[in-house]
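Got a structure for you, questions after.
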């Protein structure tokens, strides 16, 4: 039971981590929590679904699954780039404060969710089953194949992200942008390009998580409101810290699964809230421990 | 006519809730992503007291407001000292926790099915008087030492502390006041719709109220009032657009935030002084 | 007993000893200068006195009472007023409101009086407004009362910082590079202003400045910091004659005009 819960928690947490690192990434570059990610996740979950419907006769399980994920990731990146043009570009031109990005991004999230509501007219859909076997034994417990896939692919996506951040020029730019995006001009990089790329990366990660969430629950337009899990994890992790966000997300996932099994799904949010509050009181600097002391 | 009255009533109720967000966000620069939970508390407490315990209306309403303030104290006490970002996180978690609580105490709250059969006590005069009183209180607050100090701490918290402002206490007082207002709007809401369900109070509602404050013009109360009226009526005007309503609404908000970032009113207020200045300018012509 | 007595003030940031065992004091009515090259720890010393950062070590006595460990707002209320090197006015408030806000923490009225439009509230609002106007007049800003601070030129913003600090009712006034960015005539005017304010309020003034003219004219005692440590202290004449100081600091005066 314990092992089962931990494994489920890690697998759920790894999906949250995909959302959370998107938050951390954008916070690093633009200093706000990008709630439009929720809308992006909704759209990509449906995009993945449409792809699966369209391709299911032509491809079989694993290939189909990969194609669906790819479709979701690409559509996530494209939509995030569009969001940048429509909701953030002008604010950057006018050098607006981060709160306006925040407002713009929430509105964008609601807009995307609503467009999907119109498209899907509040119907519930569900993904086809991608895998023939549903569970395999591991550490003496049965682990769902979907859970394992979610975990493995989330890790793969996070590793890819780390590779981009630490081994490529654009990654260096994104890390350098944490002080001020426009300083990357000194490195001969175009800030617009950098911001767009960061958003596209986060959109692609959001796309993958959208499919996973869609597989885990049913597909409904409000699915993207799960974005708050990523927000919670990224704040707990220490805003802007990638590894803090991952740790925060995994802890949140484990915590939720544990509380669900102890007190039921209904009460879990209450206990999660109490633990979160206690954590912030004990360790107000967040997991990553970045403490920003303001200079006077 | 009925339809018009009901729109006015809903606008009034929303306005009182948004005033709470105005205090927290517009005046103090904090974000509450759980403000709708205070509305839920106000609505549910008054409804349960009246329906299940036969408490008379006035004490029930008073207790509902007190309950909302206690909740605000519970959230505020530990959080006002934390970093600003954490306040939105904690309020968000609190909001979700309250919704979960309401869903899971079915024997008292009716659970996810909601609570119905609440007496319909909210009438047009009640709402209008409530709006006038609440607005007056907020205007007074803004134009007193409280409002000035809130704006100061919003501009620069460190400098505010250095000017002798007890920012923690100030945040807490503002939080309590906002909780009371939002709680009261919940009371009016329950007494109008006669039905409450937990799903109506999730974080999206709180986010929408925050958007309204920004559309109005962050620290302009006049702007907040205008934006509330505009944005609650807009979907009604857009009825012809049926399902595209919310989408059009979002596009308009996006346009305002991106192209008129300071909001409808910016920092300006409609006050006797500005009115005089406006009139004076037209009369005296170029000065 | 001195009005302000600071002993063994010490603070490190990571590995950097920003302030290292710095002791000094100020008497009532005295103007004390703190000078030193960029990064010497002057501003940090002010931040420690006003409670922005906790001290690593040391003690700060105002009229014999310990301030170390208190909250920033308590320290201000017990009589330490300050201005900021990198001007930190309240952008959302008018010039007058900026000053009123600094007097507001002393307003005794509560929410009840406010919401019932009680006499206590109305009287106190009038008083605060009048007092703030007076402080503005002292620094010559009364005609800008309704402006937003960001619309004022730099020199006037510095004056507004001073008016705001006055409204906190200081016994010791801390000025952090108040003459930075002023032109020569403004600097002379500023020197006159500080002298007048000292006469009128009788407080002690601690002033950090790179403009030697200000320091040498106003101060009766000067402390020189270098790498967080006290390098020398004495009267303007003594400091001018001090070879070490000249080397560490005055020799680089031209380059030190930090804005």
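To keep things simple, chains are lettered A, B and C as they appear, and every chain counts its residues starting from 1.
In this section, a residue touches a chain if its C-beta (ideal position, glycine included) is under 8 Å from a C-beta of that chain, and two chains touch if they have at least 3 such contacts.
Keep in mind that what you see is a predicted model, and the values were worked out from it rather than measured.
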item: Chain ID, smallest distance between chain and overall C-alpha centroids; value: B
item: Per Cα centroids, the chain farthest from chain A; value: C
item: CA centroid of chain A to CA centroid of chain B, Å; value: 30
item: Chain centre separation in whole Å, for chain C relative to chain A (CA means); value: 47
item: Length of the line joining the C-alpha centres of chain B and chain C, rounded to whole Å; value: 39
item: Junction residues of chain A, two or more chains touched; value: 294, 296
item: Touching two or more other chains - residues of chain B; value: 158, 162
item: Where chain C touches two or more other chains at once, by residue number; value: 50, 52, 84, 88
item: Chain A to chain B touching residues, read off their complex; value: 33, 35, 86-87, 90-91, 94, 96, 99-100, 102-104, 106-108, 110-111, 114-115, 117-118, 121, 225, 228, 231-232, 235-236, 239, 264, 266-270, 272-274, 276-277, 280-281, 284, 294, 296
item: Residues of chain B defined as touching chain C within the complex; value: 137, 140-141, 144-146, 148-149, 151-152, 154-156, 158-167, 173, 177, 219, 267
item: Contacting residues of chain B [partner chain A, same complex]; value: 29, 31, 78-79, 81-83, 85-86, 88-90, 92-94, 96-97, 99-101, 103-104, 158, 162, 202-204, 207-208, 210-211, 214, 243-244, 246-247, 250-251, 253-254, 257-259, 261
item: Chain C residues touching chain B - in the complex, by the definition given at the top; value: 50, 52, 71-73, 76-77, 82, 84, 88-93, 97-98, 100-102, 104-107, 109, 111, 114-115, 117, 121, 124-125, 128, 164, 167-168
